[in-house]
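As structure tokens, here come the structures.
In the two assemblies presented below, subunit A is common to both, partnered first by subunit B and then by subunit C.
Take a look at the complex of A and B:
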């Protein structure tokens, strides 16, 4: 009996790429991955652990990695606190949520519409536009911070709500992934719809969008991460405190570690860091299978 | 009359397509193309944001090469060291990990992929909290306390303020968070490869897994390898702000962690020498272009 059980895991079937089940030859991979994964997980665990630490544990000597008496005090402290300029913390969080939601929806619509044209329509500039977008995959936004600032200034976008949204909407990776994924939607479906008299807008809205859901999920994640984690826009382009984001507020907590704020600050900074990280994680876990199926279309030829 | 009819005909044929693409194209033009062109043009000027830009030809570039000691002595060597380790190193690591993950059944594979990918979801501002506590310079810092317990060091070390360690920590932290979208693309690419290819190779007498990797896996997923490479290059240069985040100051202590991105910020936003900063930006963009070209050579699909 026991031998049979063991032999199950020695068959050829479970060797090599994408096996169905466990196989003894996989042990070496587990031995490699387990310590590495544990090491990579440490800083993430640390975010969780320190967010729930009471202050005596945060400043304990010798320091302890894991929390012993978890408490929600850091979170209640965080939300009862005002920033140094008198804005309640919940305001920053509210801004971040609204900005992120608008950015995600807008980015999906703008990029998927463009991807539809690039993948399924025929027009003169098609090849050129896609080629330019592919070159722009290697665009490093941080390199052109200064001219971007000048552009934003000229457009009178400084200190507005839209400055959080507009500069990030054209995301070359997003368009690229959507277009590649859309190429796998058979043309026959679209032709059939055209014969039935569907307009372009109907085809895009009723046929294409539902069929490319995995790719939409992927760029939703990418836009989400970019918008939610963005502290730079608030630093560079926004003066009005009530228009700034939660990520920005968190960055003020960490840069002010030298003042009297330092002692009180560590607990709420840890709580805020967890609030920053958690939505990213949850959304990725929910959508991960969609992301993987998009990624198999990600090849750059 | 005739031109009007042809315009109408054109609108009917291609108008919709341009309609669909227009919003993206407009935003792309305004926030990507214009800034890049502006950086290029500004790099030939003297511009302090108060007066209008004044054309000075190649002088910014000449200054950069001949007179900017900080750039030549610290920024350029730092950037090259950082980029060479984090770029190809992180890329190779991402591929190997993706390959190892592909050898596992679905559930443990997904779990490990999630763990390895999750660092790339963290934001710089959130992690600054973590790194500052872990690498804190006094004895309450976790790393100091850990190493002192083991007896490896006697005195607490100023990890983030010391020129000796800052670069190493920057590299480790960046590698830690580099299993991003390129890693996922390569994992998907490996899983897509037709298993019959491996069986055929085994019949032909291929026995080692290394041979399999080099003769089957990589050639079958060149497009994903190239996508991963481009993402790795962009990620590497984009990650340049990490030194300033960790040490809390620009310039970083004794320029130990000063990368080209910080140099741009230093001149642009701290000294308001926008023209000069633009010239450095152009150099950075050219570096990215060069490395992307190089990986294109390596992984271009033959057609």
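Take a look at the complex of A and C:
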């Protein structure tokens, strides 16, 4: 009986490409990938475990990785702080959710349309535009904070809802990655569609977008993070408390407390970091199957 | 309408469609990125003072630049540190992500789970997570530079070699976390390689090793370039980057000011361009050969 069980994983059946099941020849991959995978998971575990650490463990020296006596005190502290402030938390949460959703969808549409033009259309300024984008990609974002503030002011966007969304729409990284992915979509498919009478809009919507789904999912993850974690816009451009975001709110809670009571502040910060991080992780898990779905269906052989 | 349609040449129509697709992006980009960028350059040539009425500019020519380059010891030191770190990190990120991508492209059970895990760095290196981690000192392999044998070894090295090696030892973990998107780009170009090429090579008697050097590596050359550029840029914009933090602090510092910070930003940008140039020289020749 034992022998049979063992032979199941040794025969020729699961060797080589497309195994249906575990095979002895696969052990070497697991040996290499398992430790590395564990290694990659460490920071996530760390975030989770430090959110549940009581304050003496947060300050323990040498620092401990895993929590020994998990406690919910950090969270109760955080929530009691929340209920004592003027504006309900749900208002900040609502702002953040709407802003993030609109920003992700709109920036994907804008960048992918631009990438389509840069990658597949022929016009004069094409090379220049891509070069300008690459230059902008390299420039330190914080150095343009003040001029950007002046632009926002001149456009009368200060203290409005739109200021959260508009400046982030034309994201240089997004255009860069999307264009690189679109370059690998074969031109023959587009030509075939043109012969069949498809308009540009149809080609973009029915052919290009579905084919670069992995790249779009990647950009979605990146924009989601940028929008969700953005506390800076609220600090710089928004005065009305009810237009600020959840990220900003959490950051005020933690900085306000670190000033007065550093020890409790650390615990609250750890709990807040976990709460801020969870949506990132969830979006990531939802979208990653798209990201990892194979790019190999080019439709041409 | 039809007469107008006929009068425009096909090429012009194609160009118009192209501009149509990109118009929205151009508007957003020039308003919120290009205009501020040009303004920043203007500031870098001025002494900028913020007054109650607005911003006052006093033209100072290149004074801000000479100050950053020749008088400020902190800036140059940080930039050199950054350049060394980037040059050390880029090959490691590329090699690591290529190896992982090649493994993940093989077939075995739970492949999907592993792919997810190795793409995770994308959510780790941005936002609150990395701040928390660096604050707790979790990015360094704990205390490895203080192990007596390692410290001894470091002391033996010539000065120019010591800082890169030390950096490597202390932030190895951090470097590996930068490889999420890179793994993805490698994976996608690996999957475009036609499987039958490998079969043909195997029939001709090529070993796996030979197939790697003659088939896999050349087909990854474009991805190499994209990844190298992406790595340099993410490393340079990383929020815990010392140069960026210095520029940020100087913006609001009394003796610094906006003009000085803008000048430093442009110098930093120039260094980045040089680094990208080096990367390009190394990898572009290879990529071009592949395309021909």
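By our rule, the second predicted complex is superposed on the first by the 185 of 301 C-alpha atoms of A that agree within 3 Å, B and C clash if a C-alpha of one lies under 4 Å from a C-alpha of the other, contacts with A are read in each partner's own complex, and residues count from 1 in each chain.
Just so we're on the same page, a contact is a pair of C-beta atoms (placed from the backbone, for glycine too) under 8 Å apart; a residue touches a chain by one contact, two chains touch by 3 or more.
On a predicted model such as this, the values are computed, not experimentally measured, just so you know.
In the superposed pair of complexes, A:253 makes contact with subunit B only, with no contact to subunit C.
Look at A:184: by the touch rule set out above, it reaches subunit C but stays clear of subunit B. Of the two partner chains placed by the overlay, only subunit C lies in contact with A:214; subunit B stays clear of it.
In the superposed pair of complexes, A:206 makes contact with neither subunit B nor subunit C. By the touch criterion defined above, A:284 lies against subunit B and subunit C together after alignment on the C-alpha atoms of chain A.
The intersection of subunit A residues touching subunit B with those touching subunit C, taken from the two complexes, comprises 17-19, 21-22, 26, 29-30, 32-33, 36-37, 40-41, 43-44, 46-47, 50, 62-63, 65, 110-111, 113-114, 116-118, 121-124, 126, 129, 132-133, 136-148, 150-151, 155, 166-167, 169-170, 172-173, 175, 200, 204, 222, 225, 228-229, 269-270, 272-273, 276-277, 280-281, 284-285, 288, 291-292, 295-296, 298. Within the complex formed with subunit A, the subunit B residues making contact are 14, 16-18, 20-21, 23-25, 27-28, 30-36, 38-39, 42, 97, 100-106, 108, 110, 112-119, 121-134, 139-142, 145, 149, 176, 181, 184-185, 187-193, 195, 198, 221-224, 226-227, 230-231, 233-234, 237-238, 240-241, 248, 261, 264-265, 268-269, 274, 277-278, 281, 284-285, 288-289, 292, 301, 303.
Interface residues of subunit A facing subunit B in the complex, by the touch rule stated above, are 14, 16-22, 25-26, 29-30, 32-33, 36-37, 40-41, 43-44, 46-47, 50, 59-63, 65, 110-111, 113-114, 116-118, 121-126, 129, 132-133, 136-148, 150-151, 155, 166-170, 172-173, 175, 200, 204, 222, 225, 228-229, 231, 247-248, 250-251, 253-255, 257, 266, 269-270, 272-273, 276-277, 280-281, 284-285, 288, 291-293, 295-296, 298-301.
Every residue of subunit A that touches subunit C in the complex is listed here, in rising order: 17-19, 21-22, 26, 29-30, 32-33, 36-37, 39-44, 46-47, 50, 62-63, 65, 110-111, 113-114, 116-118, 121-124, 126, 129, 132-134, 136-148, 150-151, 155, 166-167, 169-170, 172-173, 175-177, 180-181, 184, 200, 204, 214, 218, 221-222, 225-226, 228-229, 269-270, 272-273, 276-277, 280-281, 284-285, 288-289, 291-292, 294-296, 298.
Of all residues in subunit C, only 11, 14-15, 17-22, 24-29, 31-37, 39-40, 43, 55, 100, 103, 106-109, 112, 114-124, 126-133, 136-138, 142, 173, 176-177, 181, 184-185, 187-189, 191-192, 195, 226, 229-230, 233, 236-237, 244, 247-248, 251, 258, 261-262, 264-266, 268-269, 272-273, 276 touch subunit A in the complex they form.
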